[in-house]
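What follows is a set of structures to go through.
The same subunit A turns up in both complexes below, where it pairs with subunit B and then with subunit C.
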Partner chain A sequence: MRSIWTVTSADEWPDPGGPCIFAAWAAGPLVKFGVVVFPGTWSDRDCGWVIDQVLGAELQYLWHKDADLKGCDCVILPGGFAYGDYLRTGAIARFAPVMEKIADFADRGGLVWGICNGFQVLCEAGLLPGALIRNSSLEFRCQWTNLVVERTDLPYTSQCGEREVIRVPISHGEGNYFADPATLSRLEQRGQVVFRYCDAGGRVTNSANPNGSMHNIAGIVNARGNVLGMMPHPERCAEVELGGTDGLKLFRSVAESAMKVLVS
Partner chain B sequence: MTAQSVDERRLREVALTPGEYRAIVEELKRAPNEVELGMLGVLWSEHCSYKSSKALLRRLPSAGAAVIQGPGENAGAVNIGEGWAAVFKIESHNHPSAIEPYQGAATGVGGIIRDVIAMGARPIALLDSLRFGPQPASSHHVEGVVAGIGGYGNCIGIPTVGGEVYFEDCYANNPLVNAMCVGLVRVERLMRARAEGTGNSLMLVGADTGRDGIHGASFASLELDETSSERRPAVQVGNPFLEKCLLEACMDLAHTDAVVAIQDLGAAGLTSSVAECAGRVDGAGAHIDVARVPRRERGMTPYHVMLSESQERMLVVVERGREAEVEAIFQAWDLTSAVIGHVTDDGHLTVVDGAEKVARLPISLLTDGAPPRRLVGVAAEQPPGLDMNALPPLVDAGAALLRLLASPNLSSRRGIFRRYDHMVGDATVIPPGGDAAMLRVKGTRLGLAVTTDCNSRYCHLDPHLGAQLAVAEAARNIIATGAHPLAVTDCLNFANPDRPEVYWEMEETIAGLAHACRAFELPIVSGNVSLYNDSSGESAIYPTPVVGMVGLIDDYGKRLSAGLRGEGDFVLLIGSSQNDLGGSEYLKVEHGLVAGRPPALDLARERAVDRLVLAAAENGLLQSAHDCAEGGMLVALAECCLLGGIGVRCPAIRPEVPLRMDAAFFGESPSRFIVSLSSRAMPELQSLARRHHVEISLLGLAGGDSIQFEGQFRLPLAEIRQAWEGALT
Partner chain C sequence: MIARVIVTPKPVVNDPQGITVKQGLATLGFREVSDVRVGKYIEVNLEAETEHEARSRVEAMCKQLLANHVIEDYRFEIDMDGHKRR
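Let's look at the complex of A and B:
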């Protein structure tokens, strides 16, 4: 068991910005992120960069053939084209050996975070409802989007303000969230929509919807609140140089909540 | 079979001339067999042998202090400091894209990525220089090519960060697709594709070999005609997923020192990759057993195997006895690898099929044997001159600006680059849409600026000057980001060189390139020539020497972009404007003319302007910088406003005689930038400008939500944006 009180050099860590819940935050790696690598995954290195170099948390890559999550506190399914996505996005990846462990982990309340292709895999695997179909433009879209954060009580969003508008880029050809009416109304009733595409002022409009997603849905969480899927890429906006730092809030949220779990 | 009896039809099939056939027989002292004939045909094709351009290409400068690898390898490499080398190359995929736009463009991207991987480098950026015929007739080309580039680049996870798109009548039947890839590698890990070490194993890795793309290189060395669409089977099909796995596996090869060399399989497949790899080592040869090549289908002959252009394959030279280590690395990525032969010291490429002998040819005959073609250049007919006095005066600059911004060559490219993932890698610190794009080198403060440039209309009007202008503009694009130009890769696209006026264009273009690169002290470290870009003897393309350039900034925190930043900033024009409208977009859009001479270029003045902007950027004086190019000062100024989301208020422009109003607004004089800076920085910039003997003039003040020239016109930014973004969606 790693001790949360292990102190390494504080100089190595970026300014966390905002009040720390625990003084120990600035002192050392408190949370271990696992980043799954399927053949064809490409956001693995970007997620790894943010976790390791920007956030300063512990990073563990998980190979798709691994049958062990290696003690990770949060498992990220990153973006890419797992197995080429020639059949249907995520349709093959769900059968990877590591996915069985991830399903167990999610069952036990572990944090499972699907980003872009990872979201598609989670839907295919049945860990999240609905599906991601082709963008209504029928074109790939790589651009910045505004997202209104509708849940701030989650381990993923605790650092965000109520209905805060964050800027996060998308990069996908199939990010058009689709669900049958019953599923959709259940999601809405239970408040499982976490992120919605909006304009800079937070208004959820058609013109702010980059891919035709139902109800402008950009990200949803399961009923229990531990499995998050989102199309936008928070790992691409964790540094000023890349155009914004809103994505870092999500990584920090996970780090802090994992710490709370450890302390409690 | 003798020289006399060889079937001419067969010769045409392998794209060899009777003269070339005689040269082969003379050298071999026997007639080549079918397989040998096919192998020689592809390697002696223009695409592989450069037989028409080799002599001219020698004139290009390729040496420089930073150069670690010049032309002749899979890609060039320059030292960028802190132990890193930047590896890059540009290559054409024009012919395949003409008949199968999606796969042609996709496999063009795939091929150039493998060239960079072969150097041991991780690809970090892609750029694409595209030319099409006028819209909407060219829509199927545009749609297919853009989708193909995105389809490959997005899937493999390498950001597509830049390039260019132009529309001209001359590309209607012959679109150009030039793809550039940039990679990074630690200097000590830079690989070279040399088949060293007799007895070392040759391993073929990646995709299985199929019958696709046979004669692709030969096909690329012919003019397109009405039967070209029957050549569709000569276009390969890309599998970016497989290449992603191949890329990662090749990166993992860095964990072992068992690998001697890596070579891409591109045009002419196994034949050329083995021959080239052996050809780089004196006296080396290779022994290949085609029976050991993993295949995609049954019934393939040795001929098929040796000539297949199946994509996503690499040849790896492995130390004898250590094949299992390498195999394990590829196996981890579920990739096939097979030992197909070994390096010899007999200077020959020997091909067997199990126990049966198939072919045996001297390596030097394959790689250097093609007799150089002595072509004659005759100056092309002088393009129409331009009588400035006959041009009606500019009436409404604002209305002209809107029309120019809405024209296909000047409108926003966002509709295209938003279809490319330009962010993956977390390194894109200047995204597409401005001048050059910039990638940071992670773990350092270094930034690599990358761009491609060529105004082929200028090259058509004056190839020598046009080529120089392409180099100058590429350099300005790099400098506008605050980076220093470092080195060049070029993709030289021409029509059929057998026509004397085309060969003359080649001579002039290459002389112009060489002249400008020497003046800028820029080495050309890699490149590609694409000829026969014409159709059935007509509709030849303009000479199109695409200049790919890489620049370096030592701290990307000091980078500049094109958009205005702050209300109240001074907006300045650096450099002077000449009374020049020749070859301009203004002339084409407003008067329907492609005429005159391109704007004059004074290389000494160009360099002085460049040095001033770089000095100002280094001293932190500038808020933004943008190159003045097509569309002239007013279009560049509008772009600064649109990209920054800030308007500008300017006093009326009153050009001094002989400068005409239209030339002042829309003339395309080179050696000019638009910069913005705070008023506090003005005195220092003025003294810098005096020291560099460069003219600077205040255009106006940033601010508001319109572009305004007092008493001349005022246009709301929203209206300008609508025109600019409406054209290419």
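Let's look at the complex of A and C:
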């Protein structure tokens, strides 16, 4: 049986730069994150580090051949080049045995979070609409970006402020979000755009768009709000040593949301 | 037999590779080029009793894997006498 440790405010979370990050977790880890590892995944250890070393939550790596999600509360599809990105990014990964379980889990309302290559896999699998195509610059872009958070009612963003601008790095060659006009207008009408590339002041401009994404889209959620895909890497900005901690807000949001489910 | 499948970006999809190749051709003096689209060519060696059967199987392959209908169009021809090239 899991122990329950309730959080009343964000201030109670362990400080990512603090000396004793585990002290606040004396009651034991509560939220279990699953991190999927495909052949060619490269951000699995980065996500794992944030989950168990920074956040202090429970971590379970899920091999692509696993046909069981091992009781995870949130499954992360991390960045990388799953199956070498052969044919198209994410095209082969979607046939991995673990993906069938992830689709069932998403159907039941489970939290599925695709980051970078994970976002591409979710689009190929049909769990999110649209596709990620080659950056309009044709360059692989590895840089910091500013994102305006357009939804704060989601399990992934509850620790963010209303229209807060967060600073998160990108690292991709194919992050140019494309959807047909009908899909795009449906996404906008339903408020499914969660993150948009913007300048430091929160203005959504062409020059702040690093890859040519339609409507400056950096991340979207499904209609139900449990499947999130985003190109930027929150796991790479979760400690002061890495130049920013905004990414940790998303991990904390998930942890807190999952706890609410456990407590209620 | 061999199915020769051609996958191209849909006309509405911006094709930065095509634009860049077009610019390269213009630099080389091929001013007559008005548009370039870069796609994929896929050869599939397969067994089928009839051309009709092969067509329906390759159609299914395109829909399920070879092309992403959100961003790509596909077309293919079936070569009944085609032999596997090495």
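Worth pointing out:
As a working rule, the second predicted complex is superposed on the first by the 242 of 264 C-alpha atoms of A that agree within 3 Å, B and C clash if a C-alpha of one lies under 4 Å from a C-alpha of the other, contacts with A are read in each partner's own complex, and residues count from 1 in each chain.
In the analysis below, a residue touches a chain if its C-beta (ideal position, glycine included) is under 8 Å from a C-beta of that chain, and two chains touch if they have at least 3 such contacts.
Since this is a predicted model, take the numbers as computed values, not measurements.
Looking at the superposition, the partner that touches the larger set of subunit A residues, subunit B or subunit C, turns out to be B. In the superposed pair of complexes, A:80 makes contact with subunit B only, with no contact to subunit C. By the touch criterion stated above, A:88 is placed in contact with subunit C alone, subunit B being left untouched. Within subunit A, not a single residue is touched by subunit B in the first complex and by subunit C in the second.
Those residues of subunit A that touch subunit B in the shared complex are 39-40, 42-43, 45-46, 49-50, 53, 79-81, 83-86, 139-143, 169, 171, 173, 233, 235-236, 238-239, 241-243.
The residues of subunit A lying in touch with subunit C in their complex are 87-88, 91, 123-124, 129-131, 133-138, 176, 178-180, 212.
Residues 9, 12-14, 16-17, 20, 65-66, 68, 70-71 of subunit C are the ones that touch subunit A when the two sit in their complex.
Subunit B contributes residues 150, 154-157, 239-242, 244-245, 248, 333-334, 417-426, 428-429, 431, 440, 442, 556-557 to its touches with subunit A in the complex.
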